[in-house]
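Lettered A, B, C and D in written order, each chain numbered from 1.
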Amino acid sequence: MSETLPHEGGVILPGGPGEAMSVEIRDGGLVTQEMNLNIGPQHPATHGVLRVVIDLDGEVIVRARPVIGYMHRGFEKLAEARDYRQIIALVNRHDWLSAFCNELGVALAVERLMELEVPERAQWIRVLMSEWNRILNHLMFIGSFGLELGAITPVFFSFREREDIQSFLESATGGRLHFTYTRVGGLKEDLPAGFLDASRQMAATMRSRNDEYRQLLLGNEIFQARTKGVGALAPDVAVDYGVTGPTLHATGVAEDVRLSEPYCVYDELDVKVPVRTNGDSYDRFVVLLDRIDASLDLIEQVHEGLPAGPVNRKMPKTVKAPEGATYVRTENPLGQGGYYLVSDGGKTPWRMRMRTPSFSNIQMVPELLEGSLLSDMIAILGSVYFVVGDVDR
Amino acid sequence: MPTVRSSETSPPATRLAPEAIAALLAERLPEAVTATTVAHGQLTVDVVPEHLPRAAALCKREKALAMDFFDMMAGVDAGEDGFHVVTRLYSTRHRHAVLLRALAEGGREAPRLPSLTGVYRGANWHEREAYDMYGIVFDGHPGLEPRILTVENFEGWPLRKDFLLTTREIKPWPGEKVPKAKEEPAKADAGGEPADDGPSEEEKAAAKKAKAERAKQKAAEMRAKKRAQREAEAGGAQGSPGEAAPEAGGEGRGGGGDEPGKGEGA
Amino acid sequence: MATSVFALEPLWLALLLQALAALLLFLIGAVVVGYLEHKVLAHMQDRLGPMEAIWHGIGQLPADGLKFLQKEDIIPTAADRWVFALAPAVAVVPGVVVIAVLPFGPGLWLTDLDAGIFFALAASGVTVLGTLMAGWSSANKFSLMGGLRGAAQLISYELPLVLAAAAIVIQAGTLSLPGIVEAQHGFTLFGVPMIYGIPHIIGLGLFFVAALAELSRPPFDMPIADSELIAGHMTEYTGMRYAFFMLSEYAGMVILSALATVLFLGGWYPWPGVGLPEGAAGMVLGFVITFAKILVLSAIMVWLRATFPRMREDQLQRLSWSVLIPLGLLNIVLVATAKVWF
Amino acid sequence: MSVPEVVMLATGVVGGAAALLVVTSRNVVHSALYLVVALLAVAGVFLVLGAEFVAWAQVLVYVGAVVVLLLFGLMLTRAPIGPTGQGNELGKAMPLAVALAVFAGLVALIVTSYGGEVIALEHVPPAALGEVLYVAWALPFMTLGFLLTLALIGAVVIARREEGEGPLPEPDPDEPEAAEASPPDSSSWPQRQPEPTPDEREVSA
């Protein structure tokens, strides 16, 4: 035992359960041993069952490895065993905060394979619903980001708005979270009476509330100190990883599917994409707030331009997509959603690849985490917007 | 707030038509490109597997293409031929895209492809997922194991068509919506609306019987496995339980998954 | 100066009554402030807070206490049993002890120590031992990180706290808490009776910020940061032991608010120069005034919790060592100079 | 025996026992916690002797700051739960000898200074202490304060040099332990903590 004294030759005592960050003194200098810490799978900062294995040197993260798959439900396999009507109810569920945008992607993919023309009114309503869904999603992240930084109030405010929006969306779709409102060839049914009025009113309320969120957090000294310059993402790294959505827009790249490959009637609308340049947590958060305003602009344009007419086409009882393959992109709230649909002519897809924004975002996260502080990890994970179900599918 | 508006950003003039991209790729890499198809305005380029990284690197670095954005990678079961891997690359500057399709070498037994991680960092997890779902090995990937989405000791490749949904394995499925091999759907679809009519009484009875039989078989297997394990432990160190288990498990799965769709489809 | 109402004969009766009163004040103070936090926070966040237990949820905290009593007491297998079990007690006892010197009204203190303020600060500094013991003995990395952060934070914020108090001691010329209240009662600024808090605004700010950090209250709640360290040193605690930690936090709010009241806000007097009636009426009035001041300060602490995000550990240390401590030293120099000149 | 004598004896016994446990405990954190008890007992002794201010100073400085700092250091560096290896190569004889020598020296000092003298126990108010410190002994007190400030500044300077300005000692690559302690290659994904070598296991046992 005498030859393995702790201070001789730098032998590190293997720790018991309470092992700390060990420091050894070697040649007159301090050499620290890293502490291995599992953040998750059950942890308040991971929004679900995501695990991030980090090696800590004191409070500095040396290495970070996200471990995913805890919520893998095999949606891509399930989709191969469901007909298209069922798939729409299925894809609602992988990113439960962007339900409508997901189902829209599938419908668009099938419609493109079938070369189906969707009624004008349905397309406008699809835009309306997408934008409301986007706001719903962003409200969630605005609230939770504050919560993670220790500001517990914003989440109550944002959930108040979420409830209001969900209530009138429920009147049209019947769902509060999983809308299942889209159908191949149109929509489930037309908007109910009074929906547009409620929507108009909510849009006006939402505008003033959005300023409230800005006042609540952005001007706060501590909030700025916690987020500015934290987890700055370079645009080339972001693009290389396939990062999209608000996380990408914060880096200064204005890649948005609504601009670059407009679907539905986005080409007829004036789409604004807020962009910032620093790519840090603060910018990602500001982009989120600005996107709410941009979505409200779109919603108001839809209120004005919504044409009358039918909302769906007469479809055969079983929808069969002709043989072929196509890739459809939609701008989901968290980034670009993609559906690569391969059909063999049957009523179930041969293969449906779901490209989800959260997957790419989480893949990039170690780039930001390594070298940052443990507390910054929370600010980074909270602002690289992701939904674990969307990562794992 | 600085915003980009759709009214200010018309499609850039440098955007290439799918045909132009196809021509450019075929000209620059004639040995790599085997076929090009344009469908629904999207370009799919079939690439020789070994030249896939070169093709991707060309797409990324060629000024006129500048496809800097790694969009996604999807494995597709191609039946007897093996597996396709479809990679979508996109240019944020020119707003054009290409789908590179490569058929993994090695057929269904040992599919292999060179890795794209050297070209795009984002390819890493997508390739791990393709490995997890189809068992496609990407040469040059920094680490495909452990499996990214399924549990670490998961057996089988879930998105292959010969892998049945576990629920179907445990509980007989009277319907027809089981992922089937390539020839099957046409046959099944001739039946009209099978999704709506429930299983007949005979089918139910037969299914019940089959289920009981399977359970019996499984129990016997388990007993045999346990016995083997005990013997191994008693016998000494030559056969560890860890070795015995996967073997037995593999047999069980093989029995259920060798002939996809048959029996259930009829 | 009034003497304590507990200056009774025989000595054992006085001691017994004092112990009882300290415990009672500790519990009542903690429960009232706890309820205040529930309600103030709720109303600031556009919700109601507890509404079911008796009237407007007034019985919520006692009900919680009963519930905690019924919970299973879990000690993790890997934990260091004795240290783990003792830690909540170590966190609570200093609070009860400090109550002994706090003046809640004219004559309403348990004992008047010559070095009262010194004693209060010394005893409340011991609370950190409970945090450290809990953090280390839980055998949980999150707990350990919480304990470490707690220790680092308390070491660096004890200094500004003591410095701010020292300036008042120089001003009042006494270490006794009732003595400071009386000295403040006679204090005038250019002939106008004034509480210390107005000329000593720097000291008040220092004391309040340092008190927040000492208590690990937001925005300085890194040791228990729920989104980072689950619950820091309290992660592994259940039932009554957990309740002890909560109790010590709320009691800590009462104690530090009471100290701030005594040092800066004129104690039981409504305003310096404005006297209280003699006898029992004065005592009751004094108690009400003291408690009202304590509640206002506690409510401000809750308000900050509703408003601010959490700071980061390095930012917190920088704030203490490069802003608060130099400011505290400067404050002492200023106060001493002013005291000698005027 | 009078009440103060009984209390004095009791605190003395508690303090002595705790002090003994500090040095005999196999667990460093327990040692530190026993040290808290010992220091509190000393504060109790001061109280009995009427030195109220000194007693609270003892609690504030030693319990509230010094031991907390000690525990902080222990946890930051190496404090696994359970007994740790004794890292003291001086053995037991040397410290014991030093302790006995100090004890003897102090006893001799007290006996020669106050031998036989009876000192009445009386409460010393802080004001009296202040009088002594800042009037009678003002110069030595200030010198001491100046010295401590200098020491503090010196410590900061030394710490800063180690942090950035001076050369950091590079770990010797030839040293086998150095290779062991170096982080595993990040490309092999994921990493599990390396198994302790037999040597290391032995230490923990």
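As a convention for this text, a contact is a pair of C-beta atoms (placed from the backbone, for glycine too) under 8 Å apart; a residue touches a chain by one contact, two chains touch by 3 or more.
This structure is a prediction, so every number in the text was calculated from the model and none was measured.
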Note, CA centroid farthest from chain D's centroid sits on chain B
Heading the list of chain pairs by contact pairs is A-B
Chain centre (avg CA) closest to assembly CA average -> A
Averaging C-alpha coordinates per chain, one finds the centres of chain A and chain D separated by a number of Å equal to 52
The distance between the C-alpha centres of chain B and chain D, rounded to whole Å, is 63
Per the C-alpha centroid definition, the whole-Å distance linking chain A and chain B comes out as 24
Here the gap between chain A and chain C, centre to centre from mean Cα coordinates and rounded to Å, is 43
Residue ranges of chain A touching at least 2 other chains are 16-18, 20
Where chain D touches two or more other chains simultaneously, the residues are 75-76, 79, 81-82, 189-190
As the complex stands, chain A meets chain C at residues 16-18, 20, 35, 37, 43-45, 59, 146-153, 156-157, 160, 217, 220, 222-223, 225-226, 373-378, 382
In the complex, the residues of chain A that touch chain B are 68-69, 72, 74, 76-78, 80-83, 112-113, 236-237, 239-242, 253-256, 258-262, 266-267, 269-277, 286, 290, 293-294, 317-318, 320, 324-327, 336, 338, 340, 342, 344-348, 350-351, 353, 355, 359-360, 363-364, 392-393
Per the touch rule above, chain D residues touching chain C in the complex are 27, 29-30, 33, 36, 52-53, 56-57, 59-60, 63-65, 67-69, 71-72, 75-76, 79, 81-82, 123, 125-127
Seen from chain C, its contact residues with chain D in the complex are 78-80, 83, 113-115, 118-119, 121-123, 125-126, 128-129, 132-133, 135-137, 139, 144, 147-148, 151-152, 154-155, 158, 162, 175
So, in the complex, the side of chain C touching chain A is made of residues 41, 44-47, 78, 80, 136-142, 144-145, 148, 218-219, 221-222, 225-228, 230, 305-315
